[in-house]
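Going in written order, the chains are labelled A, B, C and D, and every chain counts its residues from 1.
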Amino acid sequence: MKVTVLLFAQLAELFPSSTLEIEVTSLQEIIENLESKNPDFIGQQYSVAINEEIVQNEIALKDGDIVALLPPFAGG
Amino acid sequence: MKKPKKVFVEGPISPDFISRSIAQHSTKTGIGAHQIFLGQVRADILDGHQVKAIEYSAYETMAENIFHDIREATFAQFDLSCMHIYHSLGEVKAGEICLFVFVSSKHREACYKAIHELVEAIKAKVPIFGKEIFEDGAHIWKVNT
Amino acid sequence: MKKPKKVFVEGPISPDFISRSIAQHSTKTGIGAHQIFLGQVRADILDGHQVKAIEYSAYETMAENIFHDIREATFAQFDLSCMHIYHSLGEVKAGEICLFVFVSSKHREACYKAIHELVEAIKAKVPIFGKEIFEDGAHIWKVNT
Amino acid sequence: MKVTVLLFAQLAELFPSSTLEIEVTSLQEIIENLESKNPDFIGQQYSVAINEEIVQNEIALKDGDIVALLPPFAGG
């Protein structure tokens, strides 16, 4: 299925674009995809939001999901 | 229910903006106490570099939703008359204000607790990112403590 | 030691005054957090009368000394960069501001606690008196809770 | 000895002047003096400051002391 991956802040700096459309079957696959594109992605800290909700565990993706990788928050 | 309000503003939050916001409460004569928290950008020295500004970015749609949730939860928990939250996006120089949180209530106790919980929730839960830009043009990414 | 500062101001504290006070901190780039408490006069209904103003008076010399002691004790207890306290004397109408307490620090934790203790100390320890004047000209004397 | 008595707020309203110079030997005597001048003074709530320091117990007065009777505080 196709999902949209959004990268923010220091994660966005690691790739040519902060928005990726990719064909994957799981969150794990997204991460492996990004790690293979840029090894500097390995070991980065981030939380994951699917359709703007933070998810704590691996959950099943659906076609059209928006997966955001969010580095540590720094508001205020 | 309060209507959703826009939190993000472009650039720093000016003292004048804060003043106007305070002045708008003079007709609300049931209010006895206001509490305001302001976040100001520090010219920290990090690894020998001095921060000259923070450039804020956010996952805006998600952030506005979370601000809304935080606002509703705080109204449910405390007996507040008013609540306003503003956060900068884009560049905010050292010495300028990037966060303005404003709560008002009949009695002061509700204000103390509400402002504390609001600011902590904003720092912990809202997907906002800060690029600390040094005098020499280098940068690092801020992490909240 | 900080030099003694005058706390009392004649009449209400204007939003503009607060704005200028905030603006003066933009050169202090070690500050990361400001906390402001504002006391606003409420149009309470007491025994069927509506409060239109409070007329503040004080045992001024003693009050200024106690403000000084409170300030020194708070600086000793918390890691603050700045502290400002202003209180009105004379008439302050419902909806106007009579108390402005402003603390600033590098990190926000010191601010939360300092503002809370300051406001409580001011209310409990400073000989200030408030005549609540009703719409019909009658009055009663305010008691802090 | 002669002391100055300062009255504030609702206490000041009970007497023609908010400042009294009186000959007394004790705080108790000041209070009796005021109660005799205006019985409405009886039962009023106040704390006592001698030379701008709150005192909790009866203390010896000195000539020239300034004794302030302070109704409940209402700052803020």
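Quick note on the criterion: contacts are C-beta pairs under 8 Å (C-beta built on N, C-alpha and C of every residue); 3 or more make two chains touch, one makes a residue touch a chain.
Since this is a predicted model, take the numbers as computed values, not measurements.
Q: Mind listing the chains that sit against chain B and also against chain C?
A: Intersection of chain B and chain C contact lists gives nothing.
Q: Quick check: how many Å separate the C-alpha centres of chain A and chain D?
A: That gives a centre separation of 73 Å.
Q: So how far apart, in whole Å, are chain A and chain B when each is placed at the average of its C-alpha atoms?
A: 27
Q: Using CA atom averages as chain centres, what separation in Å is found between chain A and chain C?
A: Between these chains, centre-to-centre, one finds 49 Å.
Q: Can you tell me which residues of chain C touch two or more of the remaining chains?
A: Those would be 39, 108, 119.
Q: Using the touch definition from the top, which residues of chain A touch two or more other chains?
A: Residues 76.
Q: If two chains touch, include that pair; go through all of them.
A: Per the contact definition above, the touching pairs are A-B, B-C, C-D.
Q: With touch defined as at the start, can you tell me which chain A residues reach chain B in the complex?
A: 6, 8-10, 49, 52, 68, 70-76
Q: Which stretch or stretches of chain C touch chain D in the complex?
A: Interface residues on chain C, with respect to chain D: 39, 56-59, 61-62, 65, 87, 98-99, 119, 122-131, 141-144.
Q: Okay, in this complex, where on chain C does chain B touch?
A: These residues of chain C touch chain B: 15-16, 18-20, 22-23, 25-43, 94-97, 104, 106-108, 111-112, 115-116, 119, 145.
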